[in-house]
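Labels run A, B, C, D and E following the written order; every chain starts at residue 1.
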Amino acid sequence: AEQFVPLLVYRTGQFAPLGIPWADGKQDYLKLINARDGGVNGVKLVFEECETAYDAAKGVECYERLKGKGTGASGFDPQSTGITFAVTDKAFNDKVAIQTMGYGLSQSVDGTVFEWNFPLLGTYWTAADVMIQDILKKEKGNLKGKKIALVYHDSPYGKEPIPLLQKRAAKDGFELVMFPVTPPGVEQKSTWLQIRQQRPDYVLFWSAGVMTPAGIREAQASGFPREKMYAIWWAGSDHDVKDIGAGAKGYNAITIHNSAARDKVHDDLKKFVYDKGQGTASDASQVGVMAHTRGMMISMLQVEAIRAAQEKFGKGKTLTPEQVKWGFENLDLTPERLKALGFGEIMRPVKTSCSNHMGTDWARIVQWDGGKWNITSDWYQADQALIDPLVKEMSAKYAKDKNIKPRSC
Amino acid sequence: MSYAAQALHPPAPGALFAQQPPAAGGTLPAAGQPTDTGRRHIGDVILDVRNISLRFGGVKALTDISFNVREHEVRAIIGPNGAGKSSMLNCINGVYQPQEGAITFRGKTFKHMNSRQVAEMGVARTFQNLALFKGMSVLDNIMTGRNLRMKSNLLLQALRWGPAEREEIAHREKVERIIDFLEIQAWRKTPVGRLPYGLQKRVDLGRALAMEPQVLLLDEPMAGMNVEEKQDMCRFILDVNDEFGTTIVLIEHDMGVVMDISDRVVVLDYGKKIGDGTPDEVRTNEDVVRAYLGTSH
Amino acid sequence: MLYRENGQFKQSYHADLQIFPVLQDRVAIQLLLVLAFVAVPFVASDYAFRAILIPFLILSLAAMGLNILVGYCGQISLGTGAFMAIGAYAAYNLQVRIDGMPLLVALIGGGLCATVFGVLFGIPSLRIRGLYLAVATLAAQFFTDWFTNRVPWVTNNSSSGSVSVRELSLFGMAVETPAQKYLLCLSIVVVFGLLCKNLVRGAIGRQWMAIRDMDVAAAVIGIRPVYAKLSAFAVSSFVVGVAGALWGFVHLGSWEPAAFSIDRSFQLLFMVIIGGLGSISGAFFGAAFIVLLPLLLNYVPHWLGLPLSTATASHLEHMIFGALIVFFLIVEPHGLARLWLTAREKLRLWPFPH
Amino acid sequence: MGFFLETLFGGLMAGMLYALVALGFVLIFKASGVFNFAQGAMVLFAALAMARFSEWLPQWLGFESRFLANVLAIVLAVVVMIGVAWLIERLALRQLVGQEPIALLMATLGITYFIDGAGQLIFGSATYKIDVGMPKDPMILFEDVFQGGLLLSKEDLYAALVSALLVASLSLFFQKTATGRALRAVADDHQAAQSIGIPLSRIWVIVWSIGGIVALVAGIIWGSKLGVQFSISLVALKALPVVILGGLTSVPGAIVGGLIIGSGEKLSEIYLGPFLGGGIENWFAYVLALGFLLVRPQGLFGDKIIDRV
Amino acid sequence: MQVAATPSPSATARRDFLDVNGIEVIYNHVILVLKGVSLRVEEGSIVALLGANGAGKTTTLRAVSNLLHAERGAVTKGSIALRGERIENLTPASLVERGVIQVMEGRHCFAHLTIEENLMTGAYTRTDGRAAVAETLEKVYAYFPRLKTRRTSQAAYTSGGEQQMCAIGRALMANPRMVLLDEPSMGLAPQIVEEVFEIVRDLNTKEGVTFLLAEQNTNMALRYADFGYILESGRVVMDGPAAALRENEDVKEFYLGTGGEGRKSFRDVKSYKRRKRWLA
């Protein structure tokens, strides 16, 4: 039996440096499962990549092309907020799961409305909340009178954290100033001049692609301390800072996994895949970089969803997309299970339910020391008291717009 | 007669415009319409150019030029290269705005002419360096000349419905007559860019004729033609002039043509007027001979 | 020998003025329409509808609109994406803000808003020409990008700035399945195609072309550049706006401003040029070339079973695509539509070479 | 006041960086009448070549010196760009002599796709580094005059100097040499140029080579600022209003246009942006250019658009 | 006034300079324009190519100078040889290097360049130094004083005739051995036409430059040429020494307008129906 996993990737275009290790990681883990375990309970995983170049229209085409392959696509990781928007509606009709680990629509946490979306492990609201928590900690719990700037990619992706930050600003009494950067953001001098003028205490950096190095360079050139910058996970990969080296020293990024850690899964990957010359990355040194690990996690969640669904619908059987979705909804990765999978050091336990499609939302801060990332904080969890009402409000609006009747869980 | 019949049987020479319905906008000259070919009565002054001066930066293209054109006459403008002949026409039909002077057309005086106004008043024009619409067929080029008379609006045209279609066909009929008249039937649907130079000049004339003008300004219509073709062209011009009473202003370097077909001639040199009169007067004017004609003529 | 027009005499100007004066063409186009309306809905797969046919139709429509401006009126526009965006967002707002707004009215309304916007940004064309005009249209593009991103009202206060439409229905019938959506697009494209064709072969079309080919001469024969240019902007942006609304409503369903970014503008311009400036059928050829060819190229390694990595395949695809563009231009610089005409002309003479 | 000056200088410097890319457009337009859509792709290609060669050469030849690696890489990249120019002429331009500019524009689009694909295929699509020792840290001037001093980026200053130098030499080339005159002739009328014996092939190889070298310079400067990766081809978009404002046919226009656009967009973003919600500099640059064009439709220094009948 | 063709100084040593043999030209792959045109031009002679509009004169010249390619035309049959060397596949530039230059119909001046720059581009292929070029420039200015007064204006802003002079002058700047002149008299004032032809004769006799000219001004052309070809619909229908052609009744009637009872006034030519050609 075979189970089909579609892989939407971008290995070309603006965001390729992030997309390549990410895509490699996704594929590598599937290869590992096939090579090491012979598939999921004997069901071989087959997969096919489709290049989106981060373009929504192409992404839709890929989605259409792959959704019906085999017995149907097990679930899509669109790798792009734009593509997620575009396929979310279609997923309702096609009955296929969309998993968006660490991106996508923040309100899609609500499984009663967003039956097919799975923003596993955290959304942009998680990220924004955790960043503020870390800042709070540094500022000894008091942000009154402080000024925090959000420098963001002027697109839906960059705007996602705004509603939450506004709530936080009201609650914690800091001033939020916002600086949109028009994509692609190759030139940010005016933004950083304004920052120099307004002297915010911290900068939250919601950037992507070339905007990241350009922003860090400009921060350096305008003398803004990198220690006061907090970047979202897509702006906190190795390639974002490697070439800047010491210039980015002190730059903070948030992550939903223990990025600096290597675990058993890396060793297995080396042993079962790379040593046999079947690795996806052109260069084995890519294994272990942040985006690659993130890719593996995504595939792991996909595989575990399949595994969970097989428990219910029959071990060793090929599943329909709808059945896999059930698996996503009933993930329960305990610490023991994670350890067994080789991810024990890398991530925190997750448990999803019909109403909660995110599972958990642990995140932590890492800092670049000029040569590598170091973990500088403990795990944080987002403040549910703040996020929950927001999720409810926004998903209700979506349901109304789309004429969706929320299901009861 | 059906449309088809008209298309297939070109009108006899001289029949051009003969079946003209009294078109809107008073296209037919009210007075002086010839009842008989070859007996034109030259009428009053229709176009009066007064003290025109035109400069481009340091270049004085025209200096204080005055002359007039009478209804139904053939008026030639001659002069050496760069004398300002084309610029003169450009002033008349509003392509250039002279710095000084005024132009009176049918009793109305204008300081500046605006191309559209001029066209509406019934002045058409051909160009020295072909100014055809390169991407369009011969037929379409000439059809553009009918533009001023086409009235149906955008929506009707989009639907091509009733009046729009009828209008299109009515104008097409007129244009077909011009095509027949100029003997370019075979090239009807050819893009003009592909035509040889001489034929392009004919299409240019056709486009101007399609406007049913009262005054026709021709800028070297016969350049690049051999004698036979020039003869044809002269016939076209004279026929239009005879049959239809159209006033002609003509720039031409072929003295044979100018002397034979024009009623009066203006001579320009370096932007100044050096002679004005009948062909014979001009031919014997010493200034003109020195500046332009040379001794060989 | 099959393609002969000998013996087809036109007995009236009316006959000569038909869109397809040659009998064979008429038959061919009728067959094509029957095929598109009747046969395709039965045979095409979901994937073909949603990923190929619908985008192809909508982009053809947009290209057709753009062709009126660029190909017929000679005004280069790099702001097509913006006009599409205006169409899409306007239609969206009509739909969310007015209860029970019929789909067609929303689409047309989107087109009308785009018209106003197009005329506004067309005003500089009265003074600025050629490539320089691109600045005005680029200003429209970037302004719209910014506007749709930054003014919350436009997106009905959606926090992320992306919008999504309700399900569609036409005269009380739900337009749900891909086949229905396809038929909706096809009908609109056919109707607009006919209207555009009528315009470009009528008086206004001649005015546009005259302005394009030589504006001074056009003015001299009484064509008002103001009217000609602005009407081209208006008609073009109307069609493009409707296409934009369709793109948002029918193809994407929900979208973010990036769906109508400058890339889209460039893409459409290229469709128009490669398809053939100043030709309605060129829009279809161009859309097919620019949209479908990459898809096709994408499949080639699969079919041949070449073990290429996604990235390599994608780079090769780019290279081949680029090379093909150059190749076709060398064969026929006036676009695929002209290539087609030349082929037909040859067919007419076939089997004799001249 | 200090802040205003800082913004102004920042804008002027950014403008010089745009000008560097704009120059490539102007060059090819002026000399062949082609709007080279591929300029951005050429910047990317050149920068990729430079970045990768400076990484590979020490490995291949087994030496350590950074300086030597950079010098050799530049030389090699220049050779590569000349090769690219030669190929473009051979395979595309030569076949399109005398075609309308729009067909040639389209051809450059094909070339863009090709170069994009080829560049990333050969050199890879990850991020690469160019390190020619541009200083990154800011300098603070007039600390005693203004509070907080005047912050100036040294990197930008160097870049500005380089572009000024390029512009000066290219202007001379066009105005004073017979080849320069021939290039302008080609831009006006391919056929007539051919008819008097100007060898289009050679001319085009020359122009595109120079275009390639200018792209390399732009690529090195932008690449050392941003890292070399596909996005670098997008700086071409920033150069567009610059070229058009300065005039498509004017080399000095690229600089002046760059300065105006650069400072205009920064000032607008900082002093107007807050009222409009920010992020306005992109479209404002175009509106600014549009404003100038309404006064001078051929750009500030462009050749007058000729219409005569 | 009758001017007999001046015998070329080296009449005895004449040899074929240009030999066009049965060429067929097709535009755009489908439009057949020349249907087997053959002609020979002897070194140091002036040959006129006559014919109605659309006969194919320009096309013939383009075929020789290899400018057809840019018009999407191609020579599909026949051969063209220059001093025995086949030249169909040369670039226009290498033809100019061999001393063959064309003055294109419709002027084609470089619009944005000044008149003087236009002229100087003509000397692009020259290698004999600045002084020599400057000398030629003076010569051209001497031929066309009008150009000298307009030397600093952009070519686009000069009058039609001035542009024509500029185009001819530009070709002369290359110091050519053979000039293909396409309708040199078009748009020129009679005096200047005369001058242009005098210049042609001057260069021909003094410097031995060969001319192949396509002309509509048959009268002039036959007055100055040694030999003439008459083209109709892409075929040569008549050829012969200029003097003989001038005496031919058909030529007189159709090309010189002096057939039958002498020159007719343009006013009196009644029928504008196209006459049947003798061969077309």
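Keep in mind that, in the parts below, contacts are C-beta pairs under 8 Å (C-beta built on N, C-alpha and C of every residue); 3 or more make two chains touch, one makes a residue touch a chain.
Computed from a predicted structure; not experimentally measured.
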By that same contact rule, can you tell me which chains touch chain B and chain D alike? C, E
Which one of the chains is closest to the middle, using the mean of its C-alpha atoms? C
Could you grab the centroid distance between chain A and chain C? Build each centroid from C-alpha atoms only and quote it in angstrom. 37
Geometric centre distance via CA averages, chain D-chain C, whole Å: 32
Separation of chain B from chain E, taking each centre as the mean of its C-alpha atoms, in whole Å: 30
Please tell me the distance, in whole Å, between the geometric centres of chain B and chain C computed from their C-alpha atoms. 40
For chain E, give me the residues that contact two or more of the other chains. 157
Counting only residues that touch at least two other chains, what does the list for chain A look like? 11-12, 16, 20, 154, 180, 182
Among the residues of chain C, pick out those that touch two or more other chains and give their numbers. 142, 145-146, 149-150, 214, 216-217, 220, 311, 314-315, 318
Applying the document's contact rule, which stretches of chain B touch chain E when the two form their complex? 13, 56, 59, 79-83, 86, 128-130, 183, 194-199, 220, 223-232, 234-236, 238-239, 253-257, 260-261, 292-294, 296-297
Residues of chain C touching chain E in the complex: 342, 345-346, 349, 354
Give every residue of chain D touching chain E within the complex, in rising order. 97-98, 178, 181-182, 184-185, 187-201, 249, 303-304, 306, 308
Which stretch or stretches of chain E touch chain B in the complex? 1, 27, 31, 50-55, 58, 105-107, 146, 150, 153, 157-162, 164-165, 183, 186-194, 216-219, 254-257, 263-267, 269-275
Complex interface listing, chain A residues touching chain D: 11-14, 16-17, 20, 154, 178-182, 184, 186-187, 189-191, 193-194, 196-197, 209-210, 213-214, 217, 220-223, 239, 242-244, 247
